[in-house]
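Note that chain A is present in both complexes that follow, paired respectively with chain B and with chain C.
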Partner chain A sequence: MNKFLTLRGAKRGFSYLVVGGWSAFSVFFILWIILASLKRNRDLFGKPWSIPIDPAWGNYVKTWVNNRFGDYFLNSLIVTSVSVAALLLVSVPAAYVLSRGRFAGRQALSNFFAFGMGVPIPLLFVPLFVIMTTMRLGDSLTGLSIVYVALSIPFSIYVLEGFFASLPSELESAAIIDGCSDFQVFRHVMLPLAGPGIATVAILNFVGLWNEYQLSLVLLNSPENRTLSLGIYSLITSMQYSGGDWAGLFAGVTIVMVPTILLFIILSERMISGITMGGVK
Partner chain B sequence: MTNTILWRSAAAAALSFGMMAGAANAAELVFWSMWNEPEPQAAALRRIMDTYTKAHPETTFKVVWNGRQNQTKLRAALQAGTQVDFADQDGDQLAGGLQKEGLGYEIGADLGDAKAALLPGVLDLYAAGGKVEQVPYIYNTVNIWYNKDMLAEVGGTVPQTLDELFTLCGKLKETSKHALVTEGNVGFYQVLFFSHLLARAKGSDAMIKAFEVKDGSGWSDPAVLEAAKSARKFWEVGCIAEDARGFQYPAGQQTIALGDTMGELVGSWLPTELTESAGADFPWGAFNFPAVAGGVGKATDIEVGLVSVMVLKASPNAKEAAGFVSYLLSEEAQKTLVADGGVGVVRDGVEWPPVLSDAYASAKNATALSGFGGGLGVSYPEFNATVLTPEFSKMFLGQSTPEDFVKVLVDKTKDYWASQQ
Partner chain C sequence: MVVAFLAPALILYLGLLIFPALQAFYLSLFETSGFGDTPTWVGIGNYTRLLSDPIFWGALRNMSMIMVVGGVATFGLAFLFTMLLNSGLRGKKLFRALIFLPNIIAVVAITTFWSFVFMPRYGLLTSVLKALGLTSLASISWTAPENVFFAMMVGLVWISAGFYTILILAGADKVPTDMYEAARLEGASTFQIFRLITLPMIWDVILITLVLWSIHAIKIVEFPYAFGGPNIDQNLYTPAIYLYIMGFGQREPVYALGYSTAIGVALFFLTLVTIVLLRFVFKRERVEY
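This part shows the complex of A and B:
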């Protein structure tokens, strides 16, 4: 018995060590990036581990104004928020029907969506560019949002199907006996129950789209339409030939990180319960 | 009275005809650029375009400031049928990209007198079979960029030979400093050691000549192994600090700004890249990679990284775009690039910014030009990127021997040509 408890304690200790180590590693680098963003370039490389005594807040001003990160931030916020909202509007009902409905071809349709997750994005560059240009949606945030929604649907439906499948069917039956229509069952019973799952899908998509680079690189050209990830990349590449403002780059990286970190802080509880929900019936 | 009416009618007709003709010639040139809008080079180009439009009101410009991913975006856009009249990019990249794909407009005949006014070799560097499809307008030389004060502090002089350079390394090492640095993760910077050593031994086209021997034996020349060994010697004699193996860009070059290292073998963009860290008054100097004992290559043979503009073959306004490109090479436009963009330019006689004065002398006195890394990246970009650069990097950083490196080059070159048949 004692031997069993010792083994269990050792396992738990090891788990804490791994998770704690990983967390410490992540927090350390996030803090380092934030501190680096407040240094002057010379100190950044000369004293990489020092704490900035006289913080260079000007790095943020320069990045936000001169490098147009203010515009890019707004573009990213609009594209990502609109895309995630539209995505949920499409994916949640679709996933519900696919998980609960009984109709011919349901499995084939589910498989079709799952197949969509395996399509390599670079293969779609040229066709997407042609389609968007033909529809006069090239180089526009609207066009990019449509592409984001379309390409995020397979993953979202796949995940949400699992959540809906894990909800007890008795609740659905009870609602129907009480006189609810199919839509009312979905709207008033299943949707609130699927809240944690929907939050999880929303966060995962928000983070993914917030950091998305490849598609926006191909589909957007005008500097005024750039998203933050393109802004960061243009800042990195302009280091060659035009001067290396590395502290400004770290300020830009911090600006990119902040919304996703805030989102995790606000919604982490719901997300964790959403992830664990499917595991315990 | 009748005469007056007739005269007025004729004048009105002539005027409207003129307007119609003007309208017919009016062109909005679409320019996709590798610069980002806030960069000084973009500001200089904008000013040049504005000046051109003032002189040629029928020509206006629509610019898309794409940044360095310009060519990548351009490929997708061209495939989708988007109209782009001209674009700019690093010459090496254009040569291996749009030019190789046959998308460039042959502009040689449109340049007229401008050709004769350029620094030696500039226009020929990327000309394939005598056809000029890209026109360089910004000039970067590859030299050893160094801190003049640090050289003076050890009583050193600019080394003329490789042995003198190694002696200088020893002097700096005695003061706990290092002569040179490199970036551990930038293979194409490291390859510069090999390409220069081989060029000094066998001539500026040695790299391409060696590769074009289809059974791979071009690399079996003892000079190739010697060049590889000499590159390793930079570490062995302490020219480069041991910890530079682990430097990730830009950690290496920052050691110059911090006063730990004297210089780096790199392009003339280094002073600009380090302006923020080193300060505007940093005592920059540049000298060519020194000569090698018994070598046939001259120390005045240089490697360059030129930024070029290309008019696209599919452009409906190719002639008008070519007209602007000619203007871009004019003294007026080139001076604007120097003053507003802070860059070196291709026109002979237009002085570069003071910090680049050594690079200007290097370009003006160049006896032969080759692209970055001996020009292999221009002519054979795939082999350069997938074999030569990574294999050299492995050898240079001590993960393989010079003999292994040469053997891989021989074998892979043979494979490459076999796969082309």
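This part shows the complex of A and C:
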């Protein structure tokens, strides 16, 4: 019995070691970057494991002002927020009728939207670049937002449909009996009920678009339009010539990752359940 | 109401996803730089050129390596974590969140970190190896052309393992708990429970995650591209990166737009074939519960 217990204990210890070790690395990854962003370059290379006792806040000033990360932050914030708001505006109503409406071809249309998730985005690089240029929306944050909305529609509708489908139909019928119009049912009954689902979709898209960078790489060109991810990429490019200000780079990295980490700390449960709902329905 | 509710989403979806996807097929039959020149009809010329392009084949090989080697590592870790997290650990939700964490961070942030880890001479990895006294390992240049692909893969698997863990774990959590309890009472080990109960019960989830992974591997740009930085090593090219470089170039623009799009069309068909193949290979009777 005793032997059995120690064996179990050892197994349990192994589980904690593996899972805990892997988890600890995530924490280490974030802490190390933040510490690196507060070091002087000499220390970053000479003593990569040290803790900066005398934090070099100047790295942030330099990155935020001289390297224009303040502007990039604003660009990222605007593009991401506007895109998510517009995305909800178009995909919530669509998902609602696709999930609860009664009309011919509903299932086919729903599948047609879902098909978009399988289209590899690089296939669209050149056509989107051509379309945006002809529409005079090339190299603009407006153009980028529109593309973000369009390409986020399939996943958003897919997840939202799931939320709407899970709502009870009794309330809907009661509202209709009370004389609500179809629109009133949507606006005053179903929309509030779907609130948590809509919030989940909003957060997932916010994080996804905040971090997005392949489409912005294709569609944006001017330095003043850069998002944070593009800003970091261009900083790396310029470091090739000007020598490596890695500490300043890590300040930029901290700036791009802190907002999503804060969101994740508050909302991790909701984000994870949203993703697993989309993937494993 | 149906029309009004659907129209905006449908118009955007048709205009900026379906239409450009179809246009890609058409564009891939031309040779054009896109700027004022008249596109030249080359028929399947871009495709025949693709078949004899060694860079494209190299990129395809890298893609397959990501899909297969990266896939085995990613799913192996995801299975391991699912198994361990479901063996009655405390703090399951916290561990799950921390394992998933890299997925919510910007790819460029993650690649910057890994670049520093693998940096020659000053990198974190070299510093750890030196501290452990492994001087021969410490002198390896991890970003040298022959190693850089695997260095990239380490970071990629690190992110992906967390993503697929939460998907597979969510599937495993839907299996009725009395099945686990019964098995545990019978003395089944954690591994046996996973292999004999969880795995067959969530077979459909596994199939979906495999499809997701393959699609992801086929179209992957961001991680290897950012890891490679400016003047990205050809050993890091995936077909989608090659597509981007042929279309837009890095330092010097290339603007072989037709050729670039042909690569995209090839990716589209690769995706289709892979999905059909996976469905065929993994077809099994669904377990009802």
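By definition in this document, the second predicted complex is superposed on the first by the 241 of 281 C-alpha atoms of A that agree within 3 Å, B and C clash if a C-alpha of one lies under 4 Å from a C-alpha of the other, contacts with A are read in each partner's own complex, and residues count from 1 in each chain.
Following the convention adopted for this analysis, a contact is a pair of C-beta atoms (placed from the backbone, for glycine too) under 8 Å apart; a residue touches a chain by one contact, two chains touch by 3 or more.
Note that the structure is predicted; figures quoted are calculated from it, not measured.
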_Fit or clash between chain C and chain B when superposed on chain A_ = clash
*Touch check for A:121: first (chain B), second (chain C), both, or neither?*
second
*If you stack the two complexes on chain A, which partner ends up touching A:195: first (chain B), second (chain C), both, or neither?*
neither
*Once the shared chain is lined up, is A:103 touching chain B (first), chain C (second), both, or neither of them?*
second
_Output check: A:55 vs chain B and chain C. Expected answer is one of first, second, both, neither. What do you get?_
neither
*Determine, for the superposed model, which of the two partners chain B and chain C contacts more residues of chain A.*
C
_One more residue to check, A:45. First (chain B), second (chain C), both or neither?_
both
*Answer with first, second, both or neither: which of chain B and chain C does A:162 touch in the superposed model?*
neither
*Check whether A:268 is in contact with chain B, with chain C, with both or with neither, and answer first, second, both or neither.*
second
_Running through the overlay: 41-49, 185-193 or 311-319 are the candidate stretches of chain B; which one clashes with chain C?_
185-193
*Using the superposition described at the top, list the residues of chain A that contact chain B and also contact chain C.*
45, 125-126, 129-130, 133, 217-218, 233, 237, 240, 246
*Which positions of chain A touch chain C when the two form their complex?*
11-12, 15-16, 18-20, 22-27, 29-30, 32-33, 36, 45, 48-49, 89-91, 93-94, 96-98, 101, 103, 109, 113, 116, 118-131, 133, 146-147, 149-151, 153-154, 157, 182-183, 186, 207, 210-211, 213-214, 217-218, 228-229, 232-233, 236-237, 240, 246, 249-250, 253, 256-257, 260-261, 263-264, 268-269, 271-273, 275-276, 279-280
*In the complex of these two chains, what residues of chain A are touching chain B?*
41-42, 44-46, 66-68, 125-126, 129-130, 133, 138, 217-218, 221-223, 233-234, 237-246
*Which residues of chain B touch chain A in the complex?*
32, 35-41, 64-69, 72-73, 76-77, 79-82, 250-251, 254, 257-258, 269, 272-277, 343
*asked:* Quick check: in the complex, which residue numbers of chain C touch chain A?
replied: 1-2, 4-6, 8-10, 12-13, 15-21, 23-24, 27, 34, 80-81, 84-85, 87, 89, 93-102, 104-109, 112-113, 116, 122, 124, 127, 158, 161-163, 166-167, 169-171, 174, 190, 205, 208-209, 212, 215, 218-219, 221-222, 225-226, 229-231, 240, 243-244, 247-248, 257, 260-261, 263-265, 267-268, 271, 275
